[in-house]
Amino acid sequence: MAQEEIFTQEALDSFRAEVRRWVEQNRPPDPGFVLPQTMLSVTTDDQFTYLRDWQAKVYDAGFVGVEWPVEYGGGGRPRGYQRVVDQEMSRAGVPFLINLVGLAWAGPVILAYGTEAQKQRFIMKALRADEIWCQGFSEPSAGSDLASLQTRAVRNGDEWAVSGHKVWTSLGRYAHQMILLARTDPDAQKHAGISFFLAPMKIEGIEVAPLTKLTGEGGFNQIFFDDARFPAERLLGQEGQGWEIALATLGFERGASDGAAGGRSDVYSYDIGALIELARETVRDGRPALEDPSVRDRIARFATEAVAMRFSRLRTRIPGLVADRPMALPLMAKVESSEHLQRLADYGCELQGYAGSLTKGDPAAVDEGEWQRFYLNTYSMTIAGGTSEIVRNILGEKVLGLPKTR
Amino acid sequence: MSALDSISTRLAYTEDQALLRDEARRMLATRSSIEAVRALHPDPVGDDPAVWSELAQLGWLGLLASEEHGGAGLGAVEFAILAEEAGRTLLPTPLLAHVLAAKVVDVGGSAAQRATWLPPLAAGGLRASWAHVEVGGTWRVDDTTVEEEGGRLHGTKAFVWAAETADVFCLPVRVDGEVRIALVRRDAVGLHVQGEAGLDRTRRQGRIVLDGAAPEALLERPASEVEAAILPLAWTALAAESVGGATAALDLTAAYAATREQFGKPIGAFQAIKHPLVNVLIATEQARSLVYAAACAIDQGNDDAVLLARMAKAGSADAYGFATSRAIQFHGGFGFTEDCDAHLYRRRALASRPALGDPDHHRARIADQILGARAP
Amino acid sequence: MAQEEIFTQEALDSFRAEVRRWVEQNRPPDPGFVLPQTMLSVTTDDQFTYLRDWQAKVYDAGFVGVEWPVEYGGGGRPRGYQRVVDQEMSRAGVPFLINLVGLAWAGPVILAYGTEAQKQRFIMKALRADEIWCQGFSEPSAGSDLASLQTRAVRNGDEWAVSGHKVWTSLGRYAHQMILLARTDPDAQKHAGISFFLAPMKIEGIEVAPLTKLTGEGGFNQIFFDDARFPAERLLGQEGQGWEIALATLGFERGASDGAAGGRSDVYSYDIGALIELARETVRDGRPALEDPSVRDRIARFATEAVAMRFSRLRTRIPGLVADRPMALPLMAKVESSEHLQRLADYGCELQGYAGSLTKGDPAAVDEGEWQRFYLNTYSMTIAGGTSEIVRNILGEKVLGLPKTR
Amino acid sequence: MSALDSISTRLAYTEDQALLRDEARRMLATRSSIEAVRALHPDPVGDDPAVWSELAQLGWLGLLASEEHGGAGLGAVEFAILAEEAGRTLLPTPLLAHVLAAKVVDVGGSAAQRATWLPPLAAGGLRASWAHVEVGGTWRVDDTTVEEEGGRLHGTKAFVWAAETADVFCLPVRVDGEVRIALVRRDAVGLHVQGEAGLDRTRRQGRIVLDGAAPEALLERPASEVEAAILPLAWTALAAESVGGATAALDLTAAYAATREQFGKPIGAFQAIKHPLVNVLIATEQARSLVYAAACAIDQGNDDAVLLARMAKAGSADAYGFATSRAIQFHGGFGFTEDCDAHLYRRRALASRPALGDPDHHRARIADQILGARAP
């Protein structure tokens, strides 16, 4: 394993240089409006179009789906290359890839569970953002307890007819396709009666209603299905296999599995480096914040966590170093990184003193108020894709072998 | 244990104080419900004039002002009671700002100045705010960069509560090298107010640019003496407000957790929710004890007041942050929406934390007080 | 309430002076051996005798059971006086009162639930340590889930016959009496089948086996009952009322109720004051610890907690200040103070640097190694009398109104 | 983000390293089971000579020493592997002390000195320890108060691991104002060893009083250079040992929680137990990642080594403290008894925390490294 990495290091380095050069030469222009911090908050058509165009451009340059099969529009390169792209994009501070659901969740499960026809139909369009994907898992009364979902799909000849109510659907207003969980057998056991669909969004019987987030931004939607019909071949895998595929999808969402087509490391651009920069420019009690021992101690703590998380990611790739608890690091990553960033963002606001009470739009706001918006947005990370509480249950049960909480 | 052993403040709570609290809670629940607070979000002014009038009639706008000048002549305990109740409902009316500013005048003014200014302040016809924070965030009166020159003021103050609705500002200015408190009318020529885009829409703030504005008065006593009297009160009131907000956020979340079901039972039955909420309860109740201790110390004229008020401010800011962070998290997806009230409290907590010193600041001073200052 | 306090202030002050004078003149001599930190760790006969003599002396001076009824040997004074004694004893650093179970738990429940004969029989002897009390609640498989206890008591005519196995019994080797929970009706519901006994310890059928604590000290015991028989009048309250009386007892144990006959505030003499003294004498990284800003911040945190707890105790006495959640402060007190002291003791060890690795018996140990022993002993506070976890459940359910965890 | 961005250490782990780990775990589980460790508690020496011989035969006592002098010539990763496994079983044999001391000789000695001392050290016939800590707890070589005068040493060192069983001590001494590393035999005239009463009976320590003892040798290289090479290794090894101990404490507690029943189910089903144990898992695994990063940085001769080793030392001490505190608590009444193994690990964690700098110390230095030193 370690040997393979050493072997390809030179090739990787030269690829990295290529990416860096391209990004430098193709950095998109200032949009002239505020961009969202993540794909969760795409609110206006301008934002949508700008971001979609950017992904298409990155794809055309060969930097999306770098490791995915060539026959479906991918780059066919070995493992490790996509991460180089993600790192360079993140480093350059260019916009994120909007079609995250397609690249990181829908795409990988279609590659894993889809028919040849489904792969041909969906993958390339997802990579190029020609088709935008959204996710239809949660319902008003099925959040942490996702398997209690009530949306029904009924087979009528060659069609499925869906009725129900989904929430927290990012990009719901723009999406062409949805990964949808629906109950196909109400008599089966809770988990066994669920199926997984690749549902079209632009059809009759689907209504999209926007939700406003705690930051004041839009981006979330409720989706109402009222006898929405689509062809039978939109089922992914087998009838009743939905829960298994959902768990695989959540594995991707929580970062517990590799294989995304890009965009992962770019969700938020604020991190320990940004915190250090902020501290460098901040005055507290009349002295530079960096002279304050308690600020230094806090930064050292955040830095230690950040470095530990970085090496934990690298350690995951070396089987010998995770032999005792192979699932621990991948499952930990989401809860640890989201809570780290939440604490870090909060501290970023605190460091600003009185200016921390300002927000986007105030000329005196530090970093244009991005820290405050970032902080509030971190709750999407600790809530969505399985709350921190749910992930801790999973860790306790799957990794520590503790009995189920119920 | 020396410095802590010598704390001699005694808690007391009268029947009248208990009645004041009941009255405040009842009145604010009806006049400043969370729906009413939300309705004021888009309002350019941000508070309801009818509520102002009602507060005036109840005598709360002149709460701390001397009775001889139309005030209620009450003390820190009553102020803490009102602030706590105001904090529960995120009252957007600038009660704290006004009461503190009136107290500045009461403490700092000459007999004549008090006779002139206090009656309209106590009656509420004149709205006031204390404008002591610099653009860079320093907030001690000795840090002021506003200068008096030939009867005119030059400089800027920021993070001023109710900047756009106050009629008069109390602000520390440098006069011949000495710092004094000036009273300046908002409509003075050469005074410009700019509203700030605040994280917390329930407490408006703004910036005051003085470009040759003439003060109406310079209070008689030196600014540092006035500040010494005001700070423990202000810390305690802000702490009380934060304790009230933390309690409301806790109640909101506990109520949700008791009814929202997942896995076939209310989520509050899960210790992953229950135990953190208990930790919120503990932090909040400990902060509440500090608030009442500080208020009693002030009213008893006790030397403990500064130490206890700093402890109250630090402890309440931590409790409020914790309570409101858990409020968002435990509301799950709903907590991430504008519709859930959790973020309103979270925003207030974020905005209150730095005000008049954040917890790190106060703990450093608490250490100085109980351990002696560090060698330079 | 507040008025009553003010009214008696002068009398209280003069009583305080009286206590202080007595303590100064009657401080017991150095025993010449190591004394335990609490009654949980009484291990040798020398320790036992020394401490028992001390309590008798304090009683004879009129400072034990100060507020208890005169007819049972108490002092008959109003509320507030016992606290003055406890504070002065604590301040003077004289030994604790050994018969804690008698003074703080058994005594109060006998006063509350006992017959006149029981009060006459037991109270005075408990106050004077003429009879030492122990507690027989926990069993090997009934700890947090106390109500699942299996020790059986069977009524035979005028006698009860007890068989079973109790653990964690402090002073078990020395005690004359035990407050004992036993199941009298195995067919009744879990909580309903339990009765509460005032059991004699020096009878046939009772074996005491010592346990060693994690500090290396003794003091805990296992108690084996094998058909141990005692008279019927040893039942406290009614048959089947045991659980109700046990909860009242635990209320006393957790500090949620007033009414002890002394000794409460004296369990550990280490606190924020001791920590400050320690910091004053400690050098870290070549500088006085008190010059280190992170030490100062930590001390300020502990001081804030300590002061908050002190005023929370005072607040409990003013109904208007606890009107919203009357049970919160009494129930919180145990978990908050025990965890505070555990953190504080741990930090005391940390402050000592390398010397923190030493223990009792090393001449170079700071404060004779008491911090280390204290730290390890704090787990008795966070475990016994209801673990922190159990108390948090009670707080969540009784105070916050959250549904039961089961 | 500058200082952190420039970290270039790469993780690597060879087949041989994985085999070493398996071998160490198997061997220590049988030869140093927790029962065997307990059996040594009353032993005046505190470690089992048979285990020492076995470690010698496996080549682990000369792990880091050069192959030309009989050592295994291995690196920090192998050392971390052994230390982690030793930490799991609380191995009382002073493996770490000896390997570090041998490394001191290897790094600091002249060719002749190395040829003389390393072979018996590597073979285990000569037991060594590094005696660098002062009575007051300072531990840098430049802080040493041991003075050389006319070929005789005067002074005291404390907190020396295996003080009573080592045959030779490496200790920093002041020679004509310069600090050098002296080798002194325990049986030298004028050297007195006093065992210390340590909190942790599984790692014995003691005090060395030098009252005119003559050193066998003064290593060639200046002490500060030797220390620079030793410290990252020592921090990393101690961190690895702590991670091993934290893991063992976690395993112990999780196993208990999975079987101990209360309220009709295993207590591990309650989130009040489960979630804190997950937090222990996270802290421990993050520390483990830092340990391997630091070890790889050392073996790669990378400048990151000091930063990463400090992070590993700080992170592992916090994780070990947390893991062992929860281990006692979650064993309930049994956890409070001598019979439960939890307190054995708790004691080791308490004793290891200050060794070579506690977390506060290292975080202050980490900040210096990534932020630049504070203005004086």
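Which chain is which? They are A, B, C and D, in the order written, and residues in each are numbered from 1.
Please note the rule applied: contacts are C-beta pairs under 8 Å (C-beta built on N, C-alpha and C of every residue); 3 or more make two chains touch, one makes a residue touch a chain.
What you see is a predicted model; the values in this text were computed from it and never measured.
> Does A-B or A-C have more contacting C-beta pairs?
A-B
> Between subunit A and subunit D, what distance separates the C-alpha centroids? Give it in angstrom.
Distance between chain centres: 41 Å.
> I'd like the Å distance between the centres of subunit A and subunit C, where a centre is the mean of that chain's Cα atoms.
Comparing mean C-alpha positions, subunit C is 53 Å from subunit A.
> Can you tell me which residues of subunit B touch two or more of the remaining chains?
Where subunit B meets two or more other chains at a single residue, that happens at 270-273, 275, 360, 364.
> Which residues belonging to subunit C are in contact with no fewer than two other chains?
292-294, 297, 389, 392-393, 405-406
> Quick check of your reading of the touch definition: is the inter-chain graph here a line, ring, star, complete or other?
complete
> Would you mind writing out the residues of subunit B in touch with subunit A in their complex?
Subunit B residues touching subunit A: 133, 135-139, 143, 158-159, 196-200, 205, 207, 261-264, 267, 270, 272-273, 321, 325, 328-329, 332-333, 335-340, 342-343, 346, 350-351, 353-355, 358, 360-361, 364.
> Per the contact definition, I'd like the list of subunit D residues that touch subunit A in the complex.
Interface residues on subunit D, with respect to subunit A: 1-2, 4-5, 7, 10-15, 17-18, 21, 247, 250, 254, 257-258, 265-266, 268-271, 273-275, 277-279, 281-282, 285-290, 292-293, 308, 311, 314-315, 360, 362-364, 366-368, 370-372, 374-375.
> Where on subunit A is subunit C touching in the complex?
Per the touch definition, subunit A meets subunit C at residues 292-294, 297.
> Can you list the subunit C residues touching subunit D in their complex?
138, 141-145, 148, 167-168, 211-214, 216, 220, 283-286, 292, 294, 342, 346, 349-350, 352-362, 364-365, 369, 372, 375-376, 379-380, 382-384, 387-389, 392-393, 405-406
> Where on subunit D is subunit B touching in the complex?
The touching residues are 270-272, 275.
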